[in-house]
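Look at the two complexes coming up: chain A is in both, with chain B in one and chain C in the other.
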Partner chain A sequence: MAAISRAGNRQVWLAYLMVAPIVLLFAGLLIWPWLVGAWTSLTDMRIGRWGSEQFVGLQNYIAVLKSGAFWSSLRITAFFGFLCVTAEMSLGLGLALLLNRSLPGRSLFRALFIVPFMVPTVVCGLIWRQLLEAKGVVNYLLSFIELGPFPWLSSSGTALGSLVLIDLWQTTPQVLILALAALQTVPKDTYEAARVDGASAWQTFWRVTLPMIAPYLVIAFLIRAIELLQVLDIVMVASQGGPANSTMVLHLLAYRETFIGGFLGYGTSIAYLLGFVVVLAAIAVIRLLGLTQPKDERP
Partner chain B sequence: MSGREIPKLRPGDALAYLALGLWSLFVVFPLFWIGAMSFKQEIDIFAYPPKFLDFSPTLDNYLDVFGLLGGEAATGFGKYFVNSLLIVGVALAATVVLGTMAAYALARLRFPGRGTIAFLLILVRMVPILTVLLPLYVLYRNAGLYNTYLGLIMAYLFVGVPFYTWLVRGHVDAVPIEIEEAARIDGCNTFQMLFVVVVPVMLPGIVSAALLSSIYMWNNFLFALILAGPDLLPVSTALLNYLGYSSDYGNLAAACVITSAPVVMVGFLIQRYIVAGLSSGAVKG
Partner chain C sequence: MITKWSRRLFTMAMASACLTGLAPATAQDVAGPEAANIDWRQFEGTTLRFLGGQHPASAALQSVVGDFEALTGIKVEVEQISWDAYFQKVQLDLSSPDPQYDLFLANGGDFDWLYGPTGSVAKIDEFLNDPKLTDKAWYDLADVDPKVLAAASWDGVAGHQAGTGSAHVVPFMSESYMVTAQQEMLDKYKLKLPTTLEEVRDAAKTIYEGEGGKVAGFAARGGVGVVNAALINFLLNYGGGDLDADMNSRLASTESAYVHDLLLNQILRPYGPQGWLAMEWTDLRARAAQGEFGIWYDADWFAVGYEDAAQSKVAGKLVYGNLGSADSKFADYYYFGLAINDKSPRKDAAWLLAQYFSSKPVMLRLAVENQLLMPTRASVYNAPAFAEKYGKWGNGTWLEAAKANLSQWSKPAFTPTDQQGSIKNIWAAGAHQIYEGADVNQTLGQVAADIDSLMERAGY
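Moving on, here comes the complex of A and B:
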């Protein structure tokens, strides 16, 4: 704190100089587009008919909220998010617990497990489209244990489940890493103490480990929930929302109304409805976690 | 029990290895499959039952993807690869310069608006990206930035800067303040302080944060899909557009390998950092 009084105004001026480029970036590429988008969503702007848009007030929003496609997308998004976050959290935590044991070779496993996180989403989607083809290798392998063949991504009954599988492959590492970091905050003596007291591994997990890492798991859950609410890229690559709109998540609906339908104003209003929900949730999470508090002001 | 002894295997460990092994298979098999496919001839790709290792490998798919066989796919994937290098390269350089300065100011200096900027840094990583990209599409069209390298590079800053700045702010926090106090007494001004004193100390952190940001930029396909035309596409977008709906699976597989190879290699180099970096946002704040 002494630094302030010593350097005074000069330092404030310098600070502004140093953050000026990213402030301009935010202004030009975030705030300004948001304002433009707010306007766009209140017009009937269409791609290819530039300059002829009319102000239509809240009509787009009303039309969106009255459309069956929106509510069906909302249901699909919620269902998909719920399935993914549940499966990711259980698997991520389970694998983290295994990696937290002092097993020889665990760093090798850890290195291996985070590879899918680095693979580009486009590639991930293309790989799985290959694997899950009707006469693909997954159905072939499953035939040995008398399962399938499943239609996977090509049937509206199984497409969403297939997407969950793909999401698990790609994003479980993220939860795994968070859970592993959380587990490493638990002091080793705690386990020792529990063992001395005669607790079984099962009891130790439920009574000691879980309560200690619960706050971190809540954070991982919230981050993933917010990300899944706006899932877009993997769905775009793997299923394009089909078949029969069975995987049409909200964010993708906004994209398709805009670029396939050409209704820029309408598409933007869908994105804004989604954005409104996500931003409220995100602000709540950021505030709740105190993420923006500088280090020296934290308790 | 001393903590340093060689870990002894316990009864549950066999089960643990079994579970870890199964998950490894789940992780590796898709990668193995696309890798193998990229070396297969068409007849082996469509063979049923599928061929795992019993095929005669060929490099044709790779040659064809780069347009060296003069085939139909000779749009030349090499062009997109160069686009990616150019866009990610320039955007990354700008990210490092701008982000490092901002990170230092946010970590060390006190000024009004500091909290708001830190808040925006996290918020942009959480908003649905179309709320930004759809209006940006309109703005770019009006400003003549649509389908230009400049426009794309500016937009890519948006992928890299918030993430990079956030990570490096953490590294500045970790530099002992005493070093700076000593330098201040020696007459360093703030810019000298940053570039001569602080940056060298946290160089490993800067390099890792930059590489991690470059993975995000390289993998991004949505920005170019919306903001650029066919000629300027980076590999990820080109892969989606041109090969994603093609039935030439061999080429597709080769293109997948080429697109993934740089990021997976970089990722391996910094895997420890990825583990620390991904958790720092959530666990340490």
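Moving on, here comes the complex of A and C:
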């Protein structure tokens, strides 16, 4: 009995030993920086004044939560994320349904629609910044139908909407790819059965297709929501948070406080609050994912 | 032949007269690096890494790196990245005990006032006073405009102005501001080049209305740049400023309200260019060269683009001058220099590069052959090749305005503080709101309150 127990202990230790490298790597690469960041956010650390930082507890978080700039940026970020994710999910799913049908040139269209997703975000921002200039290509084309010129990125009333357009162009293909992959998993005989039962196209989509691809769509939604809440690069390149701070998203606010103002502790606390918002959003979506699965299939 | 030499001599005499306070020199005085009494090859085999934002200043360094490498045996890796990424990378590298970069492109006080007082970048004195590293006679620091050297130094004490403390770079390129106009447009409407903002308002209205709104009457930089390329200069000339001696904002003052209202509400909104709020310096330079503006105000060295007939529709058709109030034409004195990372183990080798790059022969070559304007050395302005190349722009008005700036009007306009970057962002957002119709006094009151709150958080 004792021999069996010793053998069992050895197996347990062996298991720990086997996973130790990856756990240590994980701790080194993810948990340690996270802890350092959390500590930094609890200090008054300033860039260039190394070694003089003091522990200030939750003072940075309180100051951030009391600042109008934080709440304004949170509103802008949430609004931008909501507009983008709603439009991308609708457009991405619509295009996926279209490209899932037997159309002439389907492969070509599939490739073309994916091209924007392959363009680096910074390049995409620069291209669209040029296109949306006061005397840019878009306004030039609109002039043929006697519209415009629109102040796309040069008015606080339209800049955020213009960023939504740019984001739609670039990342709708991400949803399209996921939705198209999901559609491939729906068995053809399910459609056959629906057709035999006399279901209309709308009924087939609503009662057959959507429930079967819903978990994939929720995953796509989750990924995009998290990415959009953390958006930075496209804003930095295309509008730099302006005009009049109308596109000042949370991530850019954290960046400016940290790297322009040099308030490392304060800026990090904004970044951690942003992380908290992202986690909350993710939990909400994961709960939604749980609701999409039949109860008897849950573990 | 006589006429040609007479013209040259006259130009040189004019240049010397304008550059009062600067050591006179001519092209004949410019000795090459081989004349310096230092061992250029003492760090042979070393590799230096330079990081700069995307800018002609970084590109200029790249253009002479080959010659420097041949002279010294030091290899130089030049990296240029976007400005936003640049600031982040600089912060991270300067805070690292094992830095990647030996030198950075210092972009005016924004760089030196932030990193100089903290000791992150080296002071130039330690290199200048080492005879193994610097031949003082050859390098001739007195040839560099003392005002631009002063702009690059601050002792880190709140309320002290630029010029206190040690310098952290020797600027090799400066930037000040001037007004430019299409001569044909002025002639067409019988206007003279404006010298005050009130004259700008009247001329802009005439041009805009005369051209049926197809040409902007007046343009200045938009985006965040409206602060450092326009508002601060006009504030100075109309009796205002950014911060008082106690480091409180002065933007809620009567003078400030007058300038903001005049520039934004009475000039740029009614007679300015379309899409002004998003018009960065690159956009302004390109659009001006396409003839989209009648009159505009921005950096002196942008004339390189305006006067390039290959890319400009207005080349050879411009007139330049100094702009301000009836009393003065002050303009901010911005600069670019090579800052040396204080933690770099190759600081001495890095100084050789900084010294070489800001020396007389290299600056003259870059100015004349590579059109890197504005030089910071009197000897370059006084060189016949320089006057010959640039004396024709605007029928001589460009050189005249540049020299007036250098001798009389250019000065560091911002109060030194490590928070200037954040102050400019707050200020620009307020200016944008005013341009979009917000109440001037109320907005400036909020801007001033936000800046005061920032300064309090920063410990001022």
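The definition used in the following text is that the second predicted complex is superposed on the first by the 248 of 299 C-alpha atoms of A that agree within 3 Å, B and C clash if a C-alpha of one lies under 4 Å from a C-alpha of the other, contacts with A are read in each partner's own complex, and residues count from 1 in each chain.
Basically, a contact is a pair of C-beta atoms (placed from the backbone, for glycine too) under 8 Å apart; a residue touches a chain by one contact, two chains touch by 3 or more.
Fair warning: this is a prediction, and the values are worked out from it, not measured in the lab.
Colleague: Once chain A of both complexes is superposed, is A:Gly262 in touch with chain B (first), chain C (second), both, or neither?
Modeller: A:Gly262 contacts chain C only, not chain B.
Colleague: Chain B or chain C: which reaches more residues on chain A?
Modeller: Touching more residues of chain A than the other partner does is B.
Colleague: Taking the superposition on A as described, I'd like to know which of chain B and chain C A:Ala193 touches: first, second, both or neither.
Modeller: neither
Colleague: A:Leu210 in the overlay: touching chain B, chain C, both, or neither? Say first, second, both or neither.
Modeller: Neither: A:Leu210 stays clear of chain B and chain C.
Colleague: State whether A:Phe109 touches chain B only (first), chain C only (second), both chains, or neither.
Modeller: Once the two structures are laid over each other on A, A:Phe109 reaches chain B alone.
Colleague: For A:Val19, is the partner it touches chain B (first), chain C (second), both, or none of the two (neither)?
Modeller: It touches chain B, and chain C stays clear.
Colleague: When the two structures are overlaid on chain A, which partner does A:Leu58 contact: first (chain B), second (chain C), both, or neither?
Modeller: A:Leu58: touches no partner chain.
Colleague: If you stack the two complexes on chain A, which partner ends up touching A:Lys135: first (chain B), second (chain C), both, or neither?
Modeller: Touch status of A:Lys135: both partners.
Colleague: State whether A:Pro243 touches chain B only (first), chain C only (second), both chains, or neither.
Modeller: second
Colleague: Pick one for A:Ile177: touches chain B only (first), chain C only (second), both, or neither.
Modeller: In the superposition, A:Ile177 touches chain B alone.
Colleague: Which residues form the common part of the chain A surface touched by chain B and by chain C?
Modeller: Chain A residues touching both partners: 50, 122, 135, 236-237, 255, 258-259.
Colleague: Applying the document's contact rule, which stretches of chain A touch chain B when the two form their complex?
Modeller: 3-4, 11-12, 14-16, 18-19, 21-23, 25-26, 28-30, 32-37, 40, 45, 50, 91, 94-95, 98-99, 101-104, 109-123, 126-128, 130-131, 135-137, 140, 169, 174, 177-178, 180-182, 185, 188, 192, 201, 216, 219-220, 223, 226-227, 230, 232-233, 236-237, 251, 254-255, 258-259, 264, 267-268, 271-272, 274-275, 278-279, 282-283, 285-286, 289-295, 298
Colleague: Can you list the residues on chain C that touch chain A in the complex?
Modeller: 82, 84, 87-88, 91, 94-95, 114-115, 118, 120, 222-224, 273-279, 283, 287, 292, 418-419, 421-422, 425, 428-430, 432-433, 436, 454, 457-458
Colleague: Which stretch or stretches of chain A touch chain C in the complex?
Modeller: Spelled out, the residues of chain A in touch with chain C are 47-50, 63, 122, 133-135, 149, 151, 153-156, 159, 236-237, 239-245, 255-263, 266.
Colleague: Where on chain B is chain A touching in the complex?
Modeller: 1, 3, 7, 12-13, 16-17, 19-20, 23-24, 26-28, 30-31, 33-34, 37, 48-50, 98-99, 101-102, 104-112, 114-115, 117-120, 122-124, 126-132, 134-139, 141, 154-155, 157-158, 161, 165, 173, 190-191, 215, 218-219, 221-222, 226, 236-237, 239-240, 243-244, 249, 252-253, 256, 259-260, 263-264, 266-268, 271, 274-276, 278-279, 281-283, 285
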